[in-house]
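Several structures are given next for inspection.
Common to both upcoming complexes is subunit A, partnered first by subunit B, then by subunit C.
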Partner chain A sequence: MLRKDTHFEIQYLNEPKLLKVITLDEFIEQGVAVCAGATQFNDLLLWLPSEDLERNPHLVSLPVGGFLTPESLTSPFDNGRLHLHSPKNPDVVQPGDVIAITPGNTLVRVLYRRGSDSNLLFMTDRCNSLCLMCSQPPKDIDDRWHIEENLRLIDLMDAGEENLGISGGEPTLYRDGLLEILAKCKTVLPQKSVHVLSNGRLFKDPSWIAALAALGHPQLSWGIPLYADNAVDHDHVVQAPGAFSETVQGLYNLARANQIIEIRVVLSRLTTPRLPELAHYVFRNLPFVRHVALMGIESTGLARKHYEELWIDPLDYQEALSQTAYFLFNRGMPVSIYNLPLCLIPPHLSRFARQSISDWKNLFIDTCQQCAAVKHCSGFFKSHTDRWQSRGVRQLSTEAFSAYARSAQ
Partner chain B sequence: MKLLDRWKILISGITLLPMAGTTLAQAGHTPLADANWQPNDKLQPPVFADTLNAADAVNIYAAHRSHSSHRSHSSHSSHYSGSGGYSAPRYYSPPATSTRSYSAPSTSHSTSGSNSLYQSSGTTPGASPGTSKTRATNEQKSNLVKRVQTALMVRQYYQGTIDGVMGKATRGALMAFQMDSALTVNGRMDTPTLNSLGIKIP
Partner chain C sequence: MRGFAVTLIATDANSYRLLPFRFMRLNTANDCDILLTSDTGEYLYVNDAQLRALSYFDIEAGTSFYKDLLARHFIYEPTRHDPFPEMAAQYRSRKDFLFQGPALHLFVVTLRCNHTCQYCQVSRAPLGGSGHDLSEADALAAVDRLFESNAPALTVEFQGGEPLLAFERVRQIVEWVAARNLVEQRDIQFVITTTLHHLTDEILDFAKQHSIQFSTSLDGPAPLHNANRPTPSRDSYERTVEGIKRVREHLGHDAVSALTTLTSRSLEQPEAIIDEYVKQGFSSISLRPLSPYGFASKSAHRLDYPIEQYLTFYTKALTYLLKINQQGTYLSESYTSLLLKNILTPFSSGYVDLRSPAGAGTAALVYNYDGYVYPSDEARMLLEMGEDGLRLGTVQHPLSELLASPVMETLLASGVAEALPGCSDCALVPYCGADPVEHYARQGDPIGHRLFSSFCKKNMGLLKHLFALLRDGDDNVQRVLLSWLNRRSYSDVRFPGYRG
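Take a look at the complex of A and B:
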């Protein structure tokens, strides 16, 4: 786990900035071409270890946006140029990353991390649902500035083949902004596949069909949650009357626009009792779905408030999970199990288990240290606590793990 | 070269080896090669086709020898305001509703304001007028010169400011580098020189 923010000493910053961290060699070899989109030297933050600076003191005259020294400095240079140094955690910001900084604040946020598969365009804190297990409780604020930030961020990313997520909040609330961002992803980052997390409710509006068809992004997919095979249960989980109907209509509209759709189910005391029925519903009514993700709960945000209502030991829904996964698998629908450590699922489900937790919030607990499966296991969310720990968490021996490995074909 | 000659070279090399260090240390400025040494084309280093920039890469900067004719534009980059592209300032207005609602918020936004959070200062290269495959803008030229100056600085050929101007000091440093690298000494940013400096043509 590597956090996405840390503190630096920051000198001479007078406006909010997004900057691309770049090494001297990259600057010489590629210049602004290191970024995927339109950029200038001003957008670059030169990675300047103190030994490089000692060798070439004139480098501080380089016409870039600023300098980053990844070590602690007692005497930072004093020439009026933007300078970041003395990081609290020197591993957080690395060359290739895109960072955001604001005046009067020592916090440096990493908005893009080179080589990570968990990069995210965060769209908004607003949401039109209020799911009981929401890991990121919505805020009713105007945060359209995220649109601007993301459009800029896209320009500063690396161009290569990677996965890119778009999430919130509910990204579709800023419809025009989202469509603009997707269009820009298509032109500036054509090699990156884009996965958007949305509750799908606003897709009930059929005008999205034409908009998405016109967009024609070749590598775009939508992760849409469906928590039950019936409106009462689903609407209760998302705390929004009418949501089930809207989401289902939205799913059909996405299908009409030939979109790639993934159904996401968060496993809780509320959703697991009718999980096999939900699988049946998806197979019968949503045969165009490309992937079903059955996801362990993240014990943060609103989920902690609703512990009593939500918590169920994964060992106690193993049977329902097994039926669901194989029902879909046997009918040719791809299934994955997310966020559940291998010790909590039987070996015959290991073929569905994925290392799904974003790298910046993924950790392994003490029990995992000697486990034979640790390199293949999803591990835990950083928010993990004893209260949310299954009685089944244990370390797997080499023999036990080989049973998982054999069935994981 | 006959096989025997090669053996001679090899043997003499070996016999020299134990005292090679002292020989070189005392050599000072005396030439290391014999006066009658001739390059032998059979002993040339291998040539790899896979360079940073292909031999036939379009280098619109190669003829850009002196910057004097562009001096009048040197302040160009800092005052030019973005036109078009994605850097156009935009303003997303606050949502119409302030209370929680299950309906979609108004997504209307105007483009009149200019309080964009991250102002992209200066030009957008892709949107600059005059950009084409065959002619570089002054800003593009200046940016390449800055990278050349940086590369020369890292190699200790150049100690001046990195200003993007191909002036006397930069050209002198470039020629010194070309001479030391056995390149054609012309003071130009031609493709072989850029390859040796590790610079991709933008």
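Take a look at the complex of A and C:
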């Protein structure tokens, strides 16, 4: 796990900034072309280890936005220009990353990490649902500034073909901003596939069909949660009467706009009893769905508050999970299991298990240290606690793991 | 900012309404003997008490049975959720084939044949006969008709007689179609239906060049095949098997498939027929009953059999197929696979004989050797029996005129199963089809009476058998059926999963 923020000592910062970290070689060879979109020299933060700085002190006269020294300074240095140095954790910021800094604050946030598949455009803290297990409880605030920040961030990213996520909150609440961001992704980052997480409720409005069709992003997909095959159960999980009807109509409108759709189900005491029936509902009513993700719960945010209602030991829903996964697999609908360590699923489900937890919040606990499966396992969320730990968590021996490896083939 | 308190969303009792459904007793020993089906093809097995409770609005809200009924659109809650978008989507999936014009185009290039099969579905002319070949002008017009269909995937099938006896015409048509397709850009598959007795290296090279598939007839082991399919040299089996071998050597193992015709002789030996298909390395077998067409009707007294006998044969054959598949031999029964798709998925197999509205003319067109166009292979066989009522017109008419012909109007007026007497209230109608041509042939009326309909008896028999098997069969039986559904190996379907 590599955190997405750390502290630096920051000199001469007088306004909030997004900056692209760039090495000297990259600067010489590519200049601003290292960024996918429109950028200027003062958007660049030159990666300048103290060794280079001492050897070539004249480098600080380069016309860039500032300098970053990824260690403590050996001698005091001050030329009146923006300078970040002495990081608390030197691994967090690396060349290629895009960082955000604000005056009067030593916190440096990594908004884009080079080469990672977990990069995210965070759209808003607002949401029109209030899911019992929400890992990121919504806030009723006006935070449209995310739109501008994301548009800027897109320019500063690498052009490479990593996956890019868009999430919130509920990203569709800022409809025009979201469409603008998607359009910009299509133009500036054509190699990146984009996956948006949305509850799909607002797509009930059919005007989205023309908007998404006009957008025509070739690598855009939508992850939409569905928690039950009936309105009562789904509406209860998302704490919003009418949500089921809206999401279902929204899914049909997405299909009408030829969008790529994934259904996401968070596994809990509320959703597992009718999980096979939910798979049946999806297959029968939404056969255009491209992927179903069955996801272990993240024990953070509102989930902690609703422990009693949500917690079920994954060992106790293995059978439902197996019935569900094979129902879909046998009918040709791709299915994955996310966020469940291999020791909590039977070997015959390992073919569906993915290492799904974003790198910046993924960890392995003490039990995992000697486990033969650790390199192939999803591990845990960083929010993991004993209270949310299955009685089945254990080390797999090399022999036990080989059964999983065989099954995965 | 909203509070984080949990809102309880309650369900009012007895607030549900019924959606259209049908039901049927399967006559099995299982307690849940009643099959409940929705208009769009969802189904549930229920017991008598459940059906009674459903119809008396007595199902307790919140129970799993209540939720099953809701989720499968047997009932709905007017104040909670409107299920019509889902039901509309299910209709659309199941009737998706309606968006496409005819995709199967059969070219009867000649009636000539070297066989003298008593049951011949087609009728035939002697080898050296004249006036029984498709003319060049008619063939060229038929190619125009083919491309007038809007179907993105087209199958061009050559029929006879024995089409290889008119190979030069076959070659011409394939070349015309291939040339036209440079512009049209359709997905085109060529198939030649043949005994394979007249294969030459030239034919095989040409087939390779155009990825032509071969479909042949193999009725079982040599004694059965040769008894069913007499030739002067009495070696039909040997020559067909030799042909299969040659096709595979030139074009690959899967370039040839085979169909079985079942005479009353065949019904006594399901295992022997299946063993022959295993021996020849086929991955599917088609166990279809004799059609009431061609010469088959005239010699019915010797070769035909009541459909009940066929059903007994089918049950035995399927049991044997399930057994050998579990032992590691992949051999699917193709009609069963089609029915399984209709039952287990929201889609229709699209198979011409299992469509409603009927597939004759809407899914398939036949260009006969004499330049007339028919809505199905069976319809042109009626002509050879002396009926000429089912012509759509000549191949010189544009497709739009052919499809607007009085014959098509009659067929379609009797071709919507959901609206036919005896079908409209049948629980199996979502999985079945309408076959006005067969009813016309057997009963002299395109609607016909279900009580005397062998089409109805056959499909009801097979569907009921499969529904019982899907409910009562053990996990390994389910695995075989699911492996047929998506043509996966038995070992890949490791667990059947939720039965749905």
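Throughout what follows, the second predicted complex is superposed on the first by the 406 of 409 C-alpha atoms of A that agree within 3 Å, B and C clash if a C-alpha of one lies under 4 Å from a C-alpha of the other, contacts with A are read in each partner's own complex, and residues count from 1 in each chain.
The definition used in the following text is that a contact is a pair of C-beta atoms (placed from the backbone, for glycine too) under 8 Å apart; a residue touches a chain by one contact, two chains touch by 3 or more.
Note that the structure is predicted; figures quoted are calculated from it, not measured.
Trainee: So in the superposed three-chain picture, is A:Tyr174 touching just subunit B, just subunit C, both, or none of them (first/second/both/neither)?
Mentor: The answer is first: A:Tyr174 touches subunit B but not subunit C.
Trainee: Which partner does A:Arg284 reach: the first (subunit B), the second (subunit C), both, or neither?
Mentor: In the superposition, A:Arg284 touches subunit C alone.
Trainee: Which partner does A:Asp140 contact after superposing on A: first (subunit B), second (subunit C), both, neither?
Mentor: After superposing on A, A:Asp140 lies in contact with both subunit B and subunit C.
Trainee: Kindly classify A:His58 by the partners it touches after superposition: subunit B alone (first), subunit C alone (second), both, or neither?
Mentor: first
Trainee: For A:Thr324 in the superposed arrangement: first (subunit B), second (subunit C), both or neither?
Mentor: After superposition on chain A, A:Thr324 lies in contact with subunit C alone.
Trainee: Applying the document's definition of touch, where does A:Asp25 land relative to subunit B and subunit C: first, second, both, or neither?
Mentor: So A:Asp25 only meets subunit B here.
Trainee: I'd like to know which partner A:Glu148 touches here: subunit B for first, subunit C for second, both or neither.
Mentor: first
Trainee: Mind sorting out which residues of subunit A both subunit B and subunit C touch, each in its own complex?
Mentor: Residues 140, 241 of subunit A touch both subunit B and subunit C.
Trainee: Using the touch definition up top, name the residues of subunit C that touch subunit A in the complex.
Mentor: My answer: residues 1-2, 4, 6-9, 11, 42, 62, 64, 67-68, 70-72, 77, 80-82, 85-86, 89-90, 93, 344-347, 482, 485-486, 488, 493-498, 500.
Trainee: Report the residues of subunit A in contact with subunit B in the complex, numbered from low to high.
Mentor: On the subunit A side, the touching residues are 15-18, 24-25, 27-33, 37-43, 56, 58-59, 61-63, 126, 128, 140, 142, 144-145, 147-149, 151-152, 155, 172-177, 184, 202, 205, 240-242.
Trainee: Applying the document's contact rule, which stretches of subunit B touch subunit A when the two form their complex?
Mentor: Per the stated touch rule, the residues are 52, 85-87, 90, 92-95, 98-105, 107, 109, 116-127, 143-144, 146-147, 150-151, 153-154, 159-164, 197-200, 202.
Trainee: Given the complex with subunit C, which residues does subunit A contribute to the contact?
Mentor: Those in contact with subunit C are residues 130, 132, 137, 139-140, 229-233, 235-236, 239, 241, 244-245, 248-249, 252, 274, 276-277, 279-281, 283-287, 302, 305-306, 309, 322-332, 348.
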